[in-house]
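In the two complexes below, subunit A is the common chain; its partner is subunit B in one and subunit C in the other.
Let's look at the complex of A and B:
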């Protein structure tokens, strides 16, 4: 079953590369517009050898990690406050959904004005992208906690910070993970989008350089890297976390 | 000595936007070491009464005194055992049992000693490292009882804890519950919808009327323990309670 599914995946990717190779060797479009898999692979290889690829990946990931951490902490705090304090929900809560609908890159102009062309600006965009997804899911999670859990905990003496850390957060954790998954994906788009617009260094920057140099191989190779990082983060970190939590919470 | 004294407890519910009087002035006294069972027609507010005693809800009128002090908020001197257990799925059995001790800041070695004692009493020792979803419903209620007992509360409040159990498991726990009571000498208030259960467990059965509820009668059950499910000496008590409840259940059905 498992092996079969891996086999299917491999066949699928080999198939894509094969079709791509066939299309590019058919010379329908010039190589500078539609590079072959080999060109793209070569571009990645050179990038890996001269280090620009690693610096790009490292820079973007660092920005993502910083922005995501801030968004996760802030989103959990805001979500819990919204769920537990009526006034917060009636005020801030009413605009969170609206803010969530703003694409993260739309925060970039503000970031430039407020932070200039700095890492802080990129991180700001990332936070803006990820924060509200975490907030909304945390809110939903805390709202769906079995009220008896909270009653039992309070009955046993839990209040304030202990109630939050020992009951609300663990009880809502399956929802928090959903928030993290959405949040990091929005944040990742934010990082790349902001880097495209106003950064040096980072994968978005390298992507933009490729465009400026009309180096389509670099454009495609950077897109591939961005996608692969997405798959890896989702599969290696969040999927595992989710599986673990679902099993532990007895949700499966 | 009066352990707990309910004085004219009145509680309204919101029902279809209108206030509905659930408890219409409930007064009774629980002596130290009593095992009191509350029975009544469904919706009579006996569980609500328990939550008020736990400090999880506030009465609209009246007050409950615990050791002559009015109950104003919830606290670990009155531990509640919930119908569904309300165990925390993210914690192992031992950590569930130790939860309240941890909140109270009791050091780990001492926590361990206390939880070991009650895990053993509830025959849970080999499940200490299991998660709660790995346990049967009956085992889960044992954990819930252990979690309550470790707090060494002044009074144990049990809200239909055996309602969701299969008959055999329940019969077993009914016997064990009596032994726990005799061993720990706790004061217990136990809400149940089962007349048989109330006569097996209680040394007093408090019969509620239909809404707005008051106390119809308090019946002392003087009979040796452990009482078994098929104990024939309990039948007269069960008949009496049944007769008291019949018009109340009927009235409930007519008004709802």
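Let's look at the complex of A and C:
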């Protein structure tokens, strides 16, 4: 079964590359517009040799990590406040859904004005992208805790910080994981989008360099790297975390 | 296992869609028109004067002229490649890049247009007086691969410095000229390698210090900054239009050299219409005096730009050749040297 599934995947990817190669050798479009898989692979190889690829990946991941950490902490705090304090929910809560609907890259012009062309500006865009997904999921998670549990904990003397860290967060954890999963994906889009606009290092910048040099193979190779990093982070970190939590919380 | 036939059908569907798309897209280059792109920089006075004084219109008769202003050479080359422009005025570095990227097939040089007209301007309090002071600094240049960007990065490498994305400590911001002006004013950058009139604006309006003009670094104090580029298939399809354009191009150059004052006022008017901003006459005058307008093609300098772009990794790693960069029309022109 497992081997069969891997076989299908390999066949699928080999198929894509084959169709791509056939299309590019058919010479319907010039190579400068539609490069072959070989061109793209070569571009990645050159980037890996002279180090620009690794510096780009490192820069983008660093910004993602910083932005995501801020968004996760802030989102959990905001979500719990919204779920537990009525006034917060009635005020801030009413706007969170609206803020969530703003694409993160739409924050970039504001970030450029506020922070200038700095890492802080790009991290700001990342936070703006990830924060509200974490907030909304935390809110839903805390809201869906059986009130009896909270009452029982309070009867046994839990309050304040203890209630939050020992009861609310663990009980809402499966929802938090969902929030993280969505949040990092939004944050990753925010990082790349902001780098495209800021033109200040990172994978989004390298993608833009490809565009400006009429180097479509660099554009495609950076898109592939962005996608592969997405798959790897999701598969290695969040999917595993989710599986563990789901198993431990008895949700599957 | 029905996956294979399914994949085959899917692949076939993709091919059919793409072929249909490429067939039905209208062939713009067959029309009796010429679409030309250039910048709002003063080094582009040749197309600006040619249009404002009606030289192109007079030569081309009923051929429709469509103009579009872009912000940088890479954008101009992109427009040529995407078949949304037929001719472009742009710097030699973007030309070389586009030429090599299209395997020597896509675009050709038709004529020169301008020489010089770029400067390295630093913040007055940045303490930059010599190349080694640039370590750890933030420097702006227009788009990656444009002529100033190539010159700046080459200058850094020659002085043993390296940009941040390659692991060095000099941060280069590649942003549009108007934005460079803004962030220079906010002191977010220490220096900028920019074309005119931006360079003079940084000096006259913002107190920037002109460390040197780019031509000071070149042999004979002269380097090509604007050339006329054509899409190869357009040149082949419409040699008559191209020939007439070249005649008008030369008329514009002659007029500019004979009427510098009027050129300046035409440029101020043009700049106002296209950017909404009014340039001070003294800025235009100072910028203008830094530029030489000529249809000469400086093959040697174009080769130097190519060498620099190649060593920056802009042209791939498989070598390049510039054997066929001139259009036939240009070779036949009597005024070429």
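General remarks:
Everything that follows uses one rule, which is that the second predicted complex is superposed on the first by the 252 of 252 C-alpha atoms of A that agree within 3 Å, B and C clash if a C-alpha of one lies under 4 Å from a C-alpha of the other, contacts with A are read in each partner's own complex, and residues count from 1 in each chain.
Methods note: contacts are C-beta pairs under 8 Å (C-beta built on N, C-alpha and C of every residue); 3 or more make two chains touch, one makes a residue touch a chain.
In this text, all values refer to a predicted model and were calculated from it rather than measured experimentally.
Of the two partner chains, neither subunit B nor subunit C is touched by A:84. With both structures placed on the common chain, the touch criterion links A:154 to subunit B but leaves subunit C unconnected.
Of the two partner chains placed by the overlay, only subunit C lies in contact with A:28; subunit B stays clear of it.
When the two complexes are overlaid on their common chain A, residue A:146 makes contact with subunit B while staying clear of subunit C.
In the superposition on chain A, contact of A:199 is made with subunit C only, not with subunit B.
Which of subunit B and subunit C touches more residues of subunit A: that partner is C.
In the superposed model, A:116 lies in contact with subunit C only, and not with subunit B.
Of the two partner chains, subunit B is the only one that A:248 touches; subunit C does not reach it.
In the superposed pair of complexes, A:166 makes contact with subunit B only, with no contact to subunit C. The touching residues of subunit A, when paired with subunit C in their complex, are 8, 11-12, 15, 19, 22-23, 28-33, 42, 46, 50-52, 55-56, 116-117, 199-201, 205-206, 208-209, 211-215.
Residue ranges of subunit C in contact with subunit A, taken from their complex: 3-4, 7, 11, 14-15, 18-19, 22, 72, 74, 77-78, 81, 97-98, 101-103, 105-106, 143-146, 164-167, 171, 173-175, 183, 186, 188, 313-314, 316-317. The touching residues of subunit A, when paired with subunit B in their complex, are 146, 148-149, 151-158, 162, 166-167, 170-171, 173, 248-250. By the touch criterion stated above, subunit B contacts subunit A in their complex at residues 51, 54-56, 74-76, 78-80, 82, 84, 86, 88-91, 99-100, 102-104, 131-134, 147, 151.
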